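One structure below.
Read from first to last, the chains carry the letters A, B, C, D and E; within each, the first residue is number 1.
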Amino acid sequence: MPAAFLLLAVLVIWQIAADIIRIPHILPGPSAIIAKTWALRRTLFLVQLPYTFFSVLAGWGLAILFAVLLAVLMSRSSLLEDMIYPVLLVIQTVPVMCIAPLFVLWFGYTASGRILVIVLSTFFGIALNTFDGFREVDRGRMELMESFGAGRLQIFLRLEVPSALPRFLTGLKMTLPWAVVDSAVAEWLGATRGLGYFSKRMVTHMDGPGVFAPILVLCLVTIAGMAVIDLLDRRIAGHRSAL
Amino acid sequence: GTGSGSSGKKTKDGLKEVDVVLDWYPNAVHSFLYWAQEKGYFRKEGLKVKIISPAESVDAINFVASGKAQVGISYPIDTINAVVNKHMPVKAIGAVTQKQMVVMISLQSNSITKDFKTLKGKKIGYDGTNDSKVQIQAAASYAGLKPEDYELVDVGFDLTTALTSKKVDIVGGPMINDEVITLRNKGYKINVFPYTDYGVPECYGLVLDVNSEAYEKDPEMYKGFLRACRKGFRDMKSDENGTLDLIMKRMSSDSNPLNRKQQKGSYETLLPYMETKDGNFLTMNDATWNAFIKWMKQQGVTKELCKPSDVMIKPDFR
Amino acid sequence: MRGKTVRKLSAWLFGAALIALWEIAAVSVDRVYLLPGPADVIRSLLLNRKEIFLVHLPATMEVVAVGGALSILVGALFAVMMDLFGPVRKALYPLLTLSQAIPVMCLAPVFVLWFGYTTAMRVVVVILTNFFPVTINLYDGLRSARPERMELMKTWGATKGQIFRLLRFPSSLPYLFTALRIAVPWSVIAAAVAEWLGAPAGLGFYSRYCMMDMDAPGLLAPLLVLTVIALLLNGILKVLERRIVSWRGQ
Amino acid sequence: MLTFDHVSFQYETDREAMFRDLSFRVEEGEFVSIIGASGSGKTTIFRLINHFLIPDGGRILVRDRDVAEGAVSVGYMPQQDMLFPWRTAARNVMLPMQVHGVPKDRQKKEASALLERVGLGGMDDRKPAELSGGMRQRVAFARTLATGSDLLLLDEPFSALDSITRISMQEWLREQWRTLGKTIVFITHDVEEALFLSGRILVLRGRPATHMDSVTVPAGPDRTREMLLTPEVTDLKNRLIRELREEAGR
Amino acid sequence: MLTFDHVSFQYETDREAMFRDLSFRVEEGEFVSIIGASGSGKTTIFRLINHFLIPDGGRILVRDRDVAEGAVSVGYMPQQDMLFPWRTAARNVMLPMQVHGVPKDRQKKEASALLERVGLGGMDDRKPAELSGGMRQRVAFARTLATGSDLLLLDEPFSALDSITRISMQEWLREQWRTLGKTIVFITHDVEEALFLSGRILVLRGRPATHMDSVTVPAGPDRTREMLLTPEVTDLKNRLIRELREEAGR
C-alpha cells in the first residue's frame, strides 16, 4: 500500500516536472511512456523482450554457477582465496563499457559476448556474498559435523550450504537488477534486437518515450524477478537471524 | 588464428561470403547496398553479402582489420589514423560520399553567425574524440579564434541532448543526413556549419574499407563487390520512391523503425553528396587524399605523412 | 607463520603466471589492436604517464572518493530507514530496485539537464550505481540480528535507536563489509562510466578517447591504474574487516 | 508488582492452548520461584510479561500498568545466554547501563565489580567465545543485575553451573534480594534450589494450564542450607516432586 | 578406548596453561563422569578428543588410534545444543544418520522413535525455534544417540531438564549403556548425577591440571536411586563436594 502510494507520488511529480521542462526527448512524462509502451506492445513484448530475456537468463544463470563455484573454491583454502580473489577484483574493476570494443573484436556481435557482459557484471556480487556466507559458518556446528565423522562433502551439503544460503540470496537480490540492466548495456555493445538495443535506437530518433518504453518493460521484468527472490528468501532463508 | 588475411568463406552454392559492417544503423545512405542485394547484383558477382550494423563506429575498421568482416564503412580520418598510427592492414577502396557530411550545428536562438565571430566565450560540445576536437579547433582558428576564446565540452556520445538541453551553444560532429534532419523534423530551428566552410579540406564522408592483405589475395572479389554497389547506386539515384519503399521494407524493422519522412529528407540531402560533378559514386583521387593526409599531419593527428596509396586502392572495376 | 609466507608467495606467483600467459598470448597473436599485451599497456602507460597521473588520475579519484563515500552513506541511509520504519521499507524497496533497472545511459540526458557536464553529474552517477549493493547487504545484515537479543534489549527499556546502534548495526557488520568490498570496484567502474557521459578529464574519459582512436594499449593503460587503486582500497578494507568483525562464525 | 489476570495464550503453530484463564500475583519484594516440567510454559510466562508475546485474552500488569501499554523495564535473564559475541564480557555487562545512560567510567567500574562477584575477575576483556558455558551464563547473570531493575525475571540462571559455584551464586542472589528489596521471579527445574531461595513456589502444571499451585516455603527469611533438611521442608520437597512426577506421567 | 597420554594444552589467548602432562584412560564399556568447577576445562577435554583443538604436547588415543591421524567418529553432544535452525527436530536427529548413509525410511523411523523416547513424540516437525530450552537439549541428546557410536561424549546433556525428565533420561541412558555396551564419558556439574550414573568419576582440578583424581563409585551395575542414600555413597558425595569446594576456595 505505501509502495503504491509512493510510486504514484513519484509518477505525479515526474509528470509535472516533464510538463514543465517540456523536452520530451530528454525527460518524457510517465503518461507518454505508458502510451508508447502500449503502442509498441507487440514489438516490445513479443520481439524484443524474449531476446533480452534469454540473455538475462543465460548470463545471470551462468554468473550464479560461476560465482558459486568460485565461492566454494575460495572457501576451501586460503591459498585459493589469495590466488583467486585479486584476479576477481581486477576483472571487476574493468568497466565493461571500456573494453567493449575488444570484446566485440574477440566475440563479434554474438550472444556469447552479451552473455559475458552480464556474467562479468553480476558474478562478483554473488561470489563475494556466498563466499562470506561460507566464512561465517558457525564453528560449533562445524565441529559437531566433524564429530559425526562427516566427510567434506557431507559438511558442505548439510551445513555449509544451508548456512550460506541467506547470504547467497542477498547476492541474488543485489545482482538481479544489474543482470537486467546490463543485458541492455550488452545490447548497445552489439546486437540488432532486444530492449536495450531498441532503447538506444530510439535515442537517435530523439524519441524520448520510445527510449523509456523498453526500459519500462525492463523494470517490469525486474519487479517480477524480485518478487520471486523475495518469496525464496522467505521460504529458504528464514533462518538468517538464527545463525 | 584470427584470420586476418581471410577473404571470406564460400557458401554451399559456391558464393563467396562478404560481411559488410556499416558505420551506423541502416539508413538512406546505405540504400545502394540494399538495392544491390535486392536486385541480385551481388549474387551475379558470385557474392553473398551480409549487412551488419555496428555498436560503435570504430567497429567497422576493427572488424576489417581483424578479418571478422570483409568490408567496413568508415571515415577517411579513421582510415588514415588506423594505417599511419596503428599500422593496421586496412585501405579504402571506394568513396560512398564525395563530400564530408559531418557538420557543426547550433540552435538559431543562440544566434551564432556564419563568420564564427560570435563564437567567442561560447561552449562547444563534442563527442570527446580526437577527430572532432581537431576539426573544431581547426575551424575555429580558421575563423580567427584562439583556443582560449571558447570552451570545448566533452558531452559523451549524445550530441543532440547537449544541444537541446542548452548545456552547450554549438556542437561539432552531427551528420548532415541524420541529426540535422531529425532535429528539423522535431521542430528545432538550427543553423548548420559544414567544417569545409572553415578551412577543413574537403574529403570523402564515408569510405569502403577493406583488409589490404585480403585484397591482395583476391582483388576480383572486391571489384565484383564494387561493381554491384555501383549498380545499386544507379537504382538508388533513379528511383526515389522505389528507394524509399526499399528502405521501409528492408531496412526498417521492429528493431530499427525508420520514418519515411525522415528518410526522404535524408535521401534528398544525400544524393548530391554521393555523386558530384567532379566525382562519380565510389571514385577517389589522390589529390583529395593527399590534401587530407597533409592536413591531418598539420593538425598533429598523425605523426608522419604517407602516400595516398598507403591508405587507399583505386581498383579498376569496369 | 611460514605457511602464510608460502601462501602469499604462491598467490603472487599465480598472479605473475597469469600476466605472463597474457603476454605470451599477446605476442603470439601479434596484433596490438586485437590483443595488447601487458608490455604494450605498460609502455603506453609510461609514455603518457604525465597526462595519466597528473590530469586524469586526480580527476577520476575525486569522483571515486566523493561518489564512493556518498554512495555508501546514501546506501546505508536507505537501509537504515527501511530497517527502522516498516512503511518506508514497503515503499522504498521496489523503487530502489527499479532505480537499478534503468540503464545509466538512459538517465544520462536527464542528469545532463540537471547538472550539466560537471563533477556533480558524475558523482550522482556513481551514487546511483553504487548505493544499491550497500543498501541490500546492509538491510539483510540488519535483519540478521537475533530476535532474542533484540527482545532482551527491549526488556531494558532500550529505545529503537539504542537497539539499532548496539545490536542491529553490529550484527550487520559482516554484511556491510561484503557490501564495501563490492562497492570498491564498483565505484571505480561507475566513475569511469560516468566520464563516458561527458567529462573534461579522467581515466574513463581517457580510455574512451583511446578507444575511439583505436589505441588498444592506451585503452587499457588507465584501466590498469584503476585496478591498482581498487586493489589498494581493498587491502585497506581487508585490514579493517579483520579488526572489526573478528567474531565471524561464532 | 506483577499480576496475571485471566491470561490465555496459545502459540500460533501449536495445537493446544498453553494457558487458559491463568491468574496469579507476585507482590512487591517477593522472591517467587516457578517450577514445572520441561516444555510446560515457564519461559512463555516470562515472554508474556515482557510483551514479546501477546496474550489472546486477559491482562498482565507490572507495577499496576498493563504491559501492553508500553515497554516495562525489567531485569530479564533469558534461558540462552544471548551474549553479544562482538563484545567482551565486561562490555556485555555494561550494555544495560549504556542503555540507561550511566556515565562511562561508572559503567566500567560496576561491570568489573559484577564480574568479580560472579567469579570472573580479570576476565573483563574475554570475548564470549573464549569463555566456558558456565562462565557465559555468569556473564549473562551479571548483565541482568547490571540493569539495576527492581524486578528480576531469571530463567534458569544457574543451570550450567557446578554445585559449588551455584551455591555461592544462590547465596549472593538472596543477599541482593534481602538488602536491595528487589522482586524476583525465578524459573528453575531444581526443587531444592527453589526451596532454598524463594518465599513462595508456583507450580506450573497441565496443558492448558489454568492455574498455578502456590506453595509457601516453611522457612523464614534468614536461611541456611541446613534448613532444607528440616522435616517440613523435606516433606514439601517430596510432595512437589511427586506432583511433578504425576504431571509427567499424564 | 580413550587415552590421554601426557597431554599439555593452553588456549592461545589464555595466560595460563590448561593441562600439563595430563594422563588418564577410559576403558571400553566404561561409564565415566567428569566433574569439575565451571571453567576448569571439562569441555576442553572433549574438544581435544575431537581434535578441534590440538594439544601442545602428548597424545590422545581413541580406540588405540591417535586422533591426530584423522577424524574419529564419536557421539559428541556439545554443551550448547547446536541444533541446525533450518531443520526440524526430526531432521536434526536424522543428521548423523544421513552422514552415515542410513536409508531414508529407516532414518525417519528411528528419528521418530528417538524423539518419542526423549518425550518429544509428535514434535517431529517443529523447528528448534519452536521448542523450549529443555526440549532443544533433548533433541540434541537424541541426535547424539542417533550417531550409533560406541563412544559417547556427553557435555552436560541434562542441565536444562527438570528433575523428573532428567531422572527418566538418566535411567534410559544407563539402560542404553548396559544393553548396548557403549563407552560413555559424561560431563556434569551434578555430583549426584555422576554418582548415580557412572562407574567411575574423574575430578578435574587445578590450573594447570596435571592429573585427575579417579574415584570408583561403590555400587554395582544394577542401580536404583536408593543406592545413593547408602552411607558409602553419601560419604563419597560429601567428600567430592568438599574437594570441589576447596578447589573453588583457592
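Criterion: a contact is a pair of C-beta atoms (placed from the backbone, for glycine too) under 8 Å apart; a residue touches a chain by one contact, two chains touch by 3 or more.
Which chain is which protein? Per UniProt: A, C = Putative hydroxymethylpyrimidine transport system permease protein; D, E = Putative hydroxymethylpyrimidine transport system ATP-binding protein.
Computed from a prediction, not measured in an experiment: that's the story for all the values here.
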item: Where chain C and chain D overlap in contact partners, by chain label; value: none
item: Pair of chains whose C-beta contact count is the highest in the structure; value: A-C
item: Mean-CA-position distance for chain D and chain B (Å); value: 85
item: Whole-Å gap between the CA centroids of chain B and chain C; value: 38
item: Separation of mean Cα positions, chain C and chain A [Å, integer]; value: 16
item: Multi-partner residues of chain D (at least 2 other chains); value: 80, 129
item: Per-residue multi-chain contacts in chain C, two or more chains; value: 33-34, 109, 112-113, 146, 196, 208, 211, 250
item: Interface hub residues of chain A, defined as touching at least two other chains; value: 23, 25-26, 101, 105, 138-139, 188, 242-243
item: Contact pairs between chains, per stated definition; value: A-B, A-C, A-E, B-C, C-D, D-E
item: Complex contact set, residues of chain D against chain E; value: 11, 13-14, 35-39, 42-43, 79-80, 119, 126, 130-135, 138, 155-156, 159-166, 168, 189-191, 241, 244-245, 247-248
item: Parts of chain B lying in touch with chain C, wherever the complex brings them together; value: 1-2, 4, 56, 58, 61-62, 65-66, 78, 81-82, 85-86, 88, 127-131, 153-158, 161-162, 165, 167
item: Touching residues (chain side chain B, partner chain A) in the complex; value: 25, 52-56, 58-59, 62-63, 66, 68, 158, 160-161, 164-165, 178, 182-183, 186, 254-257, 259
item: In the complex with chain B, residue positions of chain C that touch it; value: 29, 31-34, 108-109, 112-113, 116-117, 196-200, 205, 208-209, 211-215
item: Sites on chain E touched by chain A in the complex; value: 47, 50-52, 71-76, 78, 80, 82, 84-87, 95-96, 98-100, 128-129, 147, 153
